[in-house]
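Chains here go by letter, A, B, C and D, matching the order in which they are written, and residues are numbered from 1 within each.
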């Protein structure tokens, strides 16, 4: 969609699945450090990035988010030892599947953000927000309601 | 009567007479010449119903899940794909090996039913797509084997590289074209769940799509919910799909479901190393384990 | 004397009617033949019956019933206005005409009329189309249906090969024909004889016989290969069971009804977990008893029209004609 | 003005009307009775004893429940917490707006019971559907003969409608109420034992018996009743199936060619004998 067709006053809506132990703490740190990031993101705290079922991602697109970010601890740092290794496999695959059915790759991303990486959290969500803002609203997989 | 049909009937009779199994699951002739649906034979005098021909498509291992809590033993005929399904179910502890007698059949590849219906009996019929894609036509596990064992080894040695040209054709489209393609396919879906129910990888006792609580799944039939169903199911069978193609054959709306499943098989191979489901029962499922050195595309 | 028109002229006639009515015709859409709103360049499917029966015109797979909004303790319920345009449905085969009769019995009789169905049904003018050559899966004559005469039609159309002939039956039908009367030639036309049927079923005495067959062992035998999917029910022109579900978005929602099938576990399971029909046997038995015994008991007609769709679409070829045969032989 | 059955048919029978919960009574730890009136304090509809109503909390779902009683301006439903909807209903408070539609089903054969001695047997939440009949008989006391109620529950705290059982109904002329619990319990000096045995012990001599309770109770009570030489026509019970539409269309609640929502939920033993045992 070109910028011209974009609805007026549209703001991207981005859902961030943040693991409780790393990324959520990282987001918290970003806040405590007064780092500004776009208000377009909604953070959904999950016990582990491994908790994020592929259905959650599809459902988010159905209900109208423009982008999804799944974020968790760096490999090796998982609070549950190996949860994020499974996440990595699952979403490497899911990302390709989503692209295969026509979802733009920018709209679904995964990142490792630790509890000490407040600035990285800020930088990642800002970058994703801007990328998606440039792309316009997501209409794929969306339900009519 | 073909030689193989004769052998099938003989062994089925023997198994029933000796009491090696209570029931033999095979195929019989259906309503039309191009249909050979599953048959359950309990009595030796019924074995003449069994046939082997170019249309014995149904994957019989799926029925073993029904017999999970059954006391007695079942004998089942397995082609290559049925045997892979058997291994998969065994791996998921859905069935007990000692309760099943497997009778292996070498499979030359079956014919396309839709084409048979369209072109008629005396025409030159193409093989079913799933059979053209098949890399394991011969059973991988069996107690009895009805073919020539030497030929079996020969075929096993000539495993060809899988053909993903159909998947690649879709990958070559633009994102919008891909989305249009899949939307059109799944707009046809009537959500009859034949694909799920025929699938040997779909063995959950309670499927998420049977959930009645508000919010879990959408019961409405529309583009969005149908795609939700398609993608969820594809992810659920990823790494467990044995490529028997039954979902696509069973689909009353002719949705190319295998194009989704093959894409996942292809990507699993590329990302995590060559893996064919239902070959090695000791092996770990691609999404059921991990490697610390998996590709790192996230940062 | 009949009103005839060249088949090649049919799009023109439909075009004309579409100015006045919503016109639904059998069409091939994305590889599946079904009834669709007429539009230019639509690929008509007149050679054989459509894959998806016309039932979804009156009883859509998903239908919104009413909207609601619930916040704290308050609740608002809002009905959804229905379309009001008259619709002409062209090309309904005799088996599907009969199925509409079955659906009418269910939705319009026995004390309650279903307003969603009735509304669409009342707005419909049906043009039945005669068959000439049965498909290999057809067995309508076995179900007492005349493939060349659609029961309950407003207009009967006859397939004459090159041409179509039309006969107004009801006043409403006549009115529709009058709108396009200039396109017809008046001529004597012989209706071609019906071809031979490949499939048959003898249902004589079956409903009565089934009264004492509830515990018969054939149900174990018949049900074993069933996968408990709903392909048969969803392509069936007469299957009419539905579910009522909520689609909720925050505090707003819409109540929908959608097709359901007695093959599914959640169809009968009660709150608390009690399941009156726990397995394949019970469900398959209920399906066939419903078609061949319960429905005749309740509405005095079979719930099968011999359209053969389930015979074609069942992934395990659980063929109702074969079931009937087994019942007869039992 | 209350809406009568005919009006309901003219209104869309599948769309609920808005109503409110005016009173909630905690009957037992897991049973509550809800009093429901329309927004202008009228009876949502006028049910016959034994008929059903579809109660809806739209965000959660809707469920078919028996109507336990009707008042001047309200109807009552007693619900046991078993599933997702009843759990949500147990959490609501007075003033909650709900959807309601009905009445559905055939109800008890009041005319047939007129002038006869009735034995009403209930177990657990099974007293809920028959309570509407008991209340009807009490309101029209002269139309019926002797009224005997035998009711049992697992424990004292599981007895529903205790105010009725131990206060209200004991004062009704020509009516006996016998209550039993399954096991001995401190603070209980009444009868202890299962319902079927108690019925046999009491050996009442009614003309018509109405029973409702868990399947196990019905199964063991029937032989006792047969011993008392009841004809099948004089044994009446109510059935439950999963229901969605309530008007005999959706097909869910079929038992053979009967629809419980339309032809039931009240059946005589004679009718049940002709139906497949799929309930």
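Keep in mind that, in the parts below, contacts are C-beta pairs under 8 Å (C-beta built on N, C-alpha and C of every residue); 3 or more make two chains touch, one makes a residue touch a chain.
From a predicted model like this one, the values you see are computed outputs, not experimental measurements.
The chain with its Cα centroid farthest from the Cα centroid of chain C is A. With centres taken as mean C-alpha coordinates, the chain found closest to the middle of all protein C-alpha atoms is C. A straight line joining the Cα centres of chain B and chain D is 50 Å long. Chain C and chain D have Cα centroids separated by 38 Å. We define each chain's centre as the mean of its Cα atoms; on that basis chain A and chain B are separated by 35 Å.
The multi-chain contact residues of chain A, meaning those touching 2 or more other chains, do not exist; every residue touches at most one other chain.
Multi-chain contact residues, meaning those touching two or more other chains, occur in chain B at positions 214, 218, 222. Annotation for chain D: residues touching 2 or more other chains are 59-61, 84. For chain D in complex with chain C, the touching residues are 9, 12-18, 57-63, 82-86, 92-93, 95-99, 240-242, 244-245, 247-252, 254-257, 262, 276, 278-279.
Interface residues of chain A facing chain B in the complex, by the touch rule stated above, are 54-55, 58-59, 62, 75-76, 82, 85-86, 88-104, 109-112, 140-144. By the touch criterion stated above, chain B contacts chain A in their complex at residues 170-171, 175-183, 208, 218, 222, 224-225, 227-228, 230-232, 234-235, 238, 260, 263-264, 267-268, 271-272, 286-287, 290-292, 294-299. Taken together, the chain B residues at the contact with chain C in this complex read 30-32, 35, 37-40, 58, 62-63, 66, 117, 184-185, 187-188, 190-194, 196-198, 206, 210-212, 214-215, 218-222, 246, 249-250, 252-254. By the touch criterion stated above, chain D contacts chain B in their complex at residues 59-61, 84.
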